[in-house]
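You will see two complexes here that share chain A, one where it goes with chain B and one where it goes with chain C.
And then the complex of A and B:
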């Protein structure tokens, strides 16, 4: 029973993504289901902010997670996210081909053919929000061996962000908490500015990484071994489908999906390490990441919020990550995300937390750097 | 033919030649994690294949790299048989050389 409970609780995103796809398929107001679910999750996350549970282990310290099952789910999220894009493209096709709005039936399921402009916006926002959650699988699989790593690249490429997989492992995990890591937000930066700087910075890092690797291998930059170029080519099918289905509107729609999904990705990076400081060359420790481990966030985001443990034991599967007394925001990602959207509020919320970090967790050198920055 | 029925080893053994230490690496575990579990002070930092501090030289045996070592190790190091322990799955018993922390 415990094994079932531990494994099933991580199915919230897969089930809600499928519900979002189904909503877009049904048409009419159902296309907004993805947006509504996102709002509903924000409420649940806020209401359960005080419930913090540890990961579950048996008496011998073994986790109840079933690796084969969790991997099957993560791998299956790739076709699920592909279907999410295809169903949106199908709706775009209805719109640009001016399909009459009428009720039809497919395999006994009635759906609305054709779509209004406002509902097309709803379908695009729904798809963007749930495509953005691909990051939680793209992230977990980026730390895995060949096949997993490759699937991570494909999932991220659906959001035009395949550079993430390399930058995350080789840059973020190495340079965390230091200005060399574009994904770490220094104190005073807001999420909007960070999203842009982090996205471009990580892509540039991945570009430089390939350039240097190919130089070492004595190969040309324009080679099939260039993962930066190949990664962006993986995004081509999405572009082709959206152009074919919707022309200029299709491109606009894909752009919205990509902007939303990349913004969510960078918001997670932003929240994960905002304002924390590490001296260059010093080991990454638990205090260099913020934990978000309230119950709903943990289950929904497949424990990605246990950043403290993850950054010290990067090879550990998500269902084995534990409470390590890292700095903790005390609230979940959904609630915190709302705060990040209003920068003065977010700065006010983190001011005391950072002061506490400086006083009780930072080393003398880190405290000194914090003083020099001084920008809370 | 008989290979078909041969059971795959549940673990391999790893021997550190310049330190005379030997430990078991169970299937699914990487070389670094197994060494650390065994109380060996194997140098490491990131555990995800990006810092290079767990570098070792493979003297004998076969490993499968979990990620491309080419980002962290130089062309010459790769040719000389260097690999990253946190990203090495064993395919046979191995003998390696590393610089252990005191």
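And then the complex of A and C:
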């Protein structure tokens, strides 16, 4: 029973993504289901902010997590996100082809054919939000050295961010808490500025990596060995589908999906390390990441909020990550995300937490850097 | 400052590419699959060139925490 409970609790995102797909399929106001679920999750996350659980192990210290099951779920998220894009493209096709709005039936399920402009916006927002939340699987699989890494590249490419997989493992994890890591936000930066800088910064890392590698190998930059180029080419099928289905409107719709999903990804990076500092060359420790580990955030985001442990043991399965007494916001990702959207509120919320970090967790060198940043 | 310059050039390049696509009636022919593929490829290249423009103009400047670092 315990094994079932530990493994089933991480199915919230897969189930809600399928519900979002089904909502877009049903049409009418159901296309907004993805947006509504996002709001619902924010409420649940806020209500459960004080419930924190540890990782579950048996008496011998073995985890209850079933590796094969969890990996099967993560791999199946790739076709799930592809279906999410296809169902949105199908709705775009209806809209741009001026399909009449009428009730039809498929395999006994009644759905609305055709779509209004306002509901098309709802379908696009729903798809964007869940494509963004699905990036947690791209993140988790990026730490896999086998086929999972490739699946991660494909999942990220659905949001035009295939470069993330390399940049996350070889840049973010190694340069964490330092200006060499574009995904670490220094104090004072807001989430909107960070989303742009972190996105292009990670792409630049992958670009530079490939340029230098190919130069050493005496190969042309324009080569099929160039993983930066190949990564973007993985996104081509998505663009073709949206262009074909919706023309200009299709392109705008895909743009919205990509902007939302990348914004959510970078918001996670923002929240995970905002204001924390590591002296260059010093080891990454638990204190260099913020934990968000209330019960709903932990289960929903497959423990991605246990950043302190994750950054010290990067290849540890998510279901084995635990509370390591890292700095903790004390609230979940959904609640914190709302605060990040209003930068003055977020800065006010983090002020005392950062002062506490400076006093009790930082080294003298880190305190010195914090002081320099504070004086800017 | 470099970021503003980069974004300005990226905007000019993007608008130029979109005008070319418009002049070729891409907005009318997008339902023909060979056009869909061509338009998608063109848009992807526009995006990638935009990234390279930003990398080359701004260098490491936007990511620095301190002006003189």
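In the analysis below, the second predicted complex is superposed on the first by the 374 of 376 C-alpha atoms of A that agree within 3 Å, B and C clash if a C-alpha of one lies under 4 Å from a C-alpha of the other, contacts with A are read in each partner's own complex, and residues count from 1 in each chain.
Criterion: a contact is a pair of C-beta atoms (placed from the backbone, for glycine too) under 8 Å apart; a residue touches a chain by one contact, two chains touch by 3 or more.
Not measured: the values here are computed from a predicted model.
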Three-chain arrangement built on chain A, chain B and chain C clash or fit: fit
Dominant contact partner of chain A by residue count, chain C or chain B: C
Partner chain in contact with A:308 - chain B first, chain C second, else both or neither: neither
Chain B versus chain C as contact partner of A:174, first or second or both or neither: first
Which of chain B and chain C A:146 touches, first, second, both or neither: first
First, second, both or neither for A:327, with chain B first and chain C second: neither
Which superposed partner A:128 touches (first chain B, second chain C, both, neither): neither
Touched partner set for A:251, first chain B, second chain C, both or neither: second
Apex chain A: angle to the C-alpha centres of chain B and chain C, given in degrees as a multiple of 10: 100
Minimum distance between Cα atoms of chain B and chain C in the superposition (Å): 20
Doubly contacted chain A residues - partners chain C and chain B: none
List of chain C residues in touch with chain A within their complex: 27, 30-31, 33, 36-37, 39-41, 43-44, 47-48, 51-52, 54-55, 62-66, 69
Footprint of chain C on chain A - complex, ascending: 160, 179-180, 182, 186, 197, 200-201, 203-204, 207-208, 229, 232-233, 235-236, 239-240, 243-244, 247-248, 250-251, 372-373, 376
Footprint of chain A on chain B - complex, ascending: 30, 33, 45-51, 66-67, 70-72, 74-75, 86-87, 89
Chain A - residues contacting chain B, complex: 143-146, 149, 166, 169-171, 173-174, 209, 213, 216-218, 283-284, 312-315
